[in-house]
Amino acid sequence: MSEGAAVVRPVTEPVVILDDVAVSFARGRRLVDVFRRRPGSVVQAVDGVSLELRPGEVLAIVGESGCGKTTTANLIMGLLRPSRGRVIVDGQDLAGLAESDRRRRRRRMQMVFQDPYESLNPRMTVGEIVAEPLQVHRATATRGESETLVLQALERAGLRPAERFLAVRPVELSGGQRQRVVIASALVLEPQVIIADEPVSMLDVSIRADILNLLASLATKQDIAIVMITHDMSTVAAFSDRVAVMYLGRVVETGPSRQVLTSPRHPYTQALVSVVPVPHPSRRRPPLVLVGETPDPSRIPPGCRFHPRCPVAFARCPQVDPPLFDVGGGQKAACLLVGG
Amino acid sequence: MTVWRKLLRHRLGAVGLAMLAVAVLVAIFAAVIAPYDPYENVRVSIDDIYQSPSPQHLLGTDDAGKDVFSGLVYGARVSLLVGFAGAFISLIVGGVIGLVAGFKGGRLGNGLMRFTDFFLVIPELALQIVIVAIIGQSLRNIILVIGLLGWTTSARLVRAQTLSVRARKFVERARAVGASDLYILRRHIFPQVVPLMLANAVLTISLAILAESTLAFIGLGDPTVISWGQMLNFAFTRGAVSAGAWWALVAPGLAIVWVVLGVTLLGNALEDLLNPRRGRHFLEPEPAMPAEETVGPAAERGAPAVLAVQDLAVEFVVAGARMRAVDGTTFSVRKGEALGLVGESGSGKTTAMLAALRLLPPGGEVVGGSVLLGGQNVFALTADELRDVRWTRMAMVFQGAMNALNPVRTVEDQIVEAISLHDPDLSKSAAQERAAHLLEVMGIDADRGSEYPHQFSGGMRQRAMIALALACDPDVIVADEPTTALDVMIQAQILELLKKLQRELGMALVLITHDLGVVAESCDRVVVMYGGIVAEQGTVEEVYSDPQHPYTKLLMEAFPDMEDPDRPLVSIPGLPPRLDRLPPGCRFAPRCPAAFDRCQVERPPSYVLSPGREASCFLLESRQVVGV
Amino acid sequence: MRGRLVLRKLGWALVTLVVVATFNFMLFRVLPGDPAKAGLRDPRLNQEAVEAARIRFGLDKPVFVNLEGGSPFDSQFFRYIGSLAEGDLGTSYAFNNRAVSDLLGRALVNTIWLVLPAQILAIVLGVVMGLVAAWKRGTAIDVGSLLFALFMWALPTFFLAILLLFFGGRWLGLPTGGRVTLGATYESGWEQAVDILRHLLLPTIGFALVLIGEYLLVMRSSVMEVFGEDYIQTAKAKGLSTIQIIRKHAFRNAMLPIVTLIALNLGFTVSGAIQVETVFSWPGLGKLTVDAVSQRDYPVLQGTFLLLAVAVIVANLIAELVYLRLDPRVTEV
């Protein structure tokens, strides 16, 4: 299906649907494995994740390193093919598309990286950086057209007056300005989805709100779906509509952000929420600190994968792998205490 | 171009460039410069052979009675031709192979690198000798052999460079945008690799010149042309040594040295400029400390302070310019107290604490104030006294535990080292026992003490670092961003541990962080720093419930609170001050919504609002308490 | 974990060896010129004698695989590999039909006498000077050593050797060629040893001087890199003195690149030996190579070539194993 013939879709229809997707990486079969006739070990990076992403909404994916949030982002981007399940973009299964069509789809998915100091090529000017996606996708016919789009994107990213930034090199910009350049180059192709990977964690506290507000306004005002990958629960509460909490390649709890954060049902979410420092000494509360570290994703525990670290685990937990149980109000949690 | 200018300013580089330029000019204008044509056949008598230097023959004559100086001048042509042409071939072959191997990686890349490895094993000169001997000693063959056998260094260099550029985030971003391999190579990788190839090219030229002269010396040069190696070969094999004709030997040899040295100096300079080394050098001698100052009575209030920083001022000298990183900072920590040192990047919080232990990086210099550690002025200590004080009175958990531990020594070994150093009478086994105990306290299985830092996870490394800080039972522990870059749950674990230790051991803790939440959770008092000064300090309760300084107020409003998600977050307009362009008045005035005329020109002092509570803002002038 | 790594390195060295042996065989076949003609170009030999020699040296057999009947392995290549496995490197064309292995053995011993002391001297001096230069960064000592190193690097080995020979021989009266004084008779073993040592002195100094520059440069930059590492700051904060820090924390880490360099340098040692031995007529491998080239003595050339490559492979292997011991971080190839 060509780009021009896009169907007009109702606002509520999801742009991206992940339907029970799984991705595993082979960790290389070593010589010893060959001699012993056994397969190489397999890392289940993502294992049965279902998500929906709607235009104009900010979805936060929260979890610790190794939980699969980056793999999930790459699945949404179409940079990875799932080994199981379907990735549906605009009602179309990505698996059925030719490579050229996938590439064209990718235009509508843009990414904002964590480190604005590293993600800009120091030898290019801001104008060149923002124009790069246009060039790569041959999206504009003339130089003038390209420059108009670049200026518009810079304006939308809050770099005003845009003309003044065109010839500037990244070294001359502050961290916040650089992140705006990254956002501008994501905006220039009019994306449907922007995936922001820890967009403010490298920035000073005093300017974080600006960037987060900018992203949120892109969602509400321009109907862009935003996926925010983060480990910071307090920004989740303030800047996202829905949240998906991931642990070891699974979504363990999902629902409207406020609701999930004020009444978390999964013990893992409860722990994550409890350890967020509250910026006021009078409201100190005992955090629920989990012992140990997230296990290696090549050795996933049987049953509920959280049970070895779970403070309320009971006899059935090592045996039953709990699905996501509906707890009302759009909130779901994968814990036997909730639905079993 | 700027690199050009920098090169001319780089002294050795400019010398190298000049040496090379002289050689190139001589080669070009050989016919004009040389008094005789060495290719011309002239009849010589026996007396012409090995004549010593004279006005007719500036450098004497050689075994055939020819003018050595003219030979040198014409020899420059051959040496430079072989050097440039050989290096050119090496660079093209090596560059392409290195670029492909680095960019494609995988099977192709590995295969190419293995192929390169084989060539590294084969003795180059021996191979060159054999091949030239077999295919014939023409200049073309020599250039080809030198060029085609010299590519391995370039290939390895380019591959390493390509690999590191490929791993950079902006390449990943270009990929995410949908750019093709070719585009990324052309637009992102090539421009980054080329400058380094340039520096490498220069060195390759010198290698090619050396290779040519060596081949010629061994007797495998092109017999129809004159090169410096050839001249040495003739002189050496035809009796110059026994004739004592040093000029026939020394002159061509020095000519080679001239060109190779020039090229090498140039290459070294280029590498310096394009790939500047980290300027840090932690073992450089310390600059002089400020003269001891009398300690004012204000330092003592309530329980005695274990650490009192008074009017501390630190400057950095960068490229000749002095920049004030910490400017008149005063605060103190008491026994059993946890102090939070909060500020954004560049606020001087880490610098102040490094200065307190006299650990400033090179270029940093204490220019005023004093630091009292248990009543002793740290700045007045001799080098020996200072070493005794370090770690026993104040220990530090440095930012980034991965790099702060020595990668080639076991974790336990590094803890034992600190214990034994400050308690030499303790037996080795007792020290080991203590180290094991400390690791256990930090939640690390004592068996794992015999492992190396890289075998630990990030959280465990941080625990080990804290165990190391505890080694000598210090009065104060300074923890610099101890939880940054760790996962949330690990952050919580580390913070809980620090709090517990501080409570149980009764030591003082200075927590350097940018996270207001962490301070609120785990500190008693807080010092808010901005642009090298203390903006505000007081107990955590006071400062958080009733911030006085406009900066503190805005900072609180910028920090998200999970329990109050509806509160809009603010951003402070503008940027933190640059140390080389500090505003003349209040450091915060350019970004302050409440600033008035006086703030732009005058620096507000720190007003004492109540005992232990201070803020540096003119708005609070009327509220200061005098004579506490 | 690391045991497997050692095995892998060993295996890889073996593979390299096989490839190099094959390359070595091919080099002398692929290059223009019939080796038999080249080796047997004595005009007095008649056609029959040449043919007989061809059969004797096995040059009548197919090059790679015998497809003309008989065993497929009855070819020049497999004969070569087969005799290699037995330690037989063939017989020399030029040196009175002596066994190549015999010639090589003697030359190797002489070369080791020359190379080993020079290498040790250069490593010790280069490392110490590099360390001091880095420590005293920016001072006259540092700039002086840097210039010295660069100058030494720019000096062609053979030129330095000639200078030593010319001036050393003239002013110090040291012998300038060969291994022993020709025609000398010795009253004791001690006297003979002194004579050999006197012959060794100049070549060793020359060789060491050439090597020093590079060691100094690499050590200097390696130490400077290490001095900027965070763990040096930690060591300082712990209260260690500068000497203690260098001894316990900086030295070992700074030596890592040197270990690699020493191995890689063996290739250079070979080329250095060729030059120094030619100038001083030292009867080692380098001189043998040059002589073999001028005589077009292919079996000897092939032999020296293989021996030199094997030496480099072995040195590389040792360096890699040492590196493994020094740096616990290495777990991947």
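Letters A, B and C mark the chains as written, and numbering starts fresh at 1 in each.
Going forward, a contact is a pair of C-beta atoms (placed from the backbone, for glycine too) under 8 Å apart; a residue touches a chain by one contact, two chains touch by 3 or more.
Please read all numbers here as calculations on a predicted model, not as lab measurements.
Undergrad: Comparing centres built from CA atoms, which chain ends up most distant from subunit C?
TA: The chain farthest from subunit C, judged by C-alpha centres, is A.
Undergrad: Most central chain by CA mean?
TA: B
Undergrad: Round to the nearest whole Å and give the separation of the Cα centres of subunit A and subunit B.
TA: About 34 Å, centre to centre.
Undergrad: Measure off the straight-line distance from the CA centroid of subunit A to the CA centroid of subunit C, and report it in whole Å.
TA: Here subunit A and subunit C have centroids separated by 56 Å.
Undergrad: Residues touching two or more other chains, restricted to subunit C: which are they?
TA: Within subunit C, no residue touches at least two other chains.
Undergrad: What residues on subunit C touch subunit B, complex-wise?
TA: Within the complex, subunit C contacts subunit B at residues 16, 19-20, 23, 27, 31-33, 135, 137, 150-151, 153-159, 162-163, 165-166, 169-170, 176, 221, 224-225, 227-242, 244-246, 248-250, 252-253, 264, 267, 270-271, 274-275, 278-279, 289-290, 293-294, 296, 301, 304-305, 308-309, 312-313, 316, 326-329.
Undergrad: Given the complex with subunit A, which residues does subunit B contribute to the contact?
TA: Subunit B residues touching subunit A: 168-170, 172-180, 183, 187-188, 191-192, 344-345, 457, 459, 487-493, 495-496, 514-518, 520-521, 540-541, 544-545, 554-556, 558-563, 565, 567, 569-572, 575-576.
Undergrad: Which of the residues in subunit A come into contact with subunit B in the complex?
TA: 64-65, 77, 79, 103, 106-107, 110-111, 113, 115, 118-121, 123, 132-133, 135-137, 174, 176, 182, 185, 204-210, 212-213, 231-235, 237-238, 257-258, 261, 271-273, 275-284, 287, 289-291, 293-294
Undergrad: Please name which positions on subunit B make contact with subunit C in the complex.
TA: 117-118, 120-127, 129-131, 133-135, 206, 210, 213-214, 217-220, 229, 232, 236, 241, 244, 246, 249-250, 253, 256-257, 260-261, 264-265, 268, 277-284, 357, 359, 361, 386-392, 395-396, 398, 400, 403-409, 417-418, 421-422, 452, 454, 468
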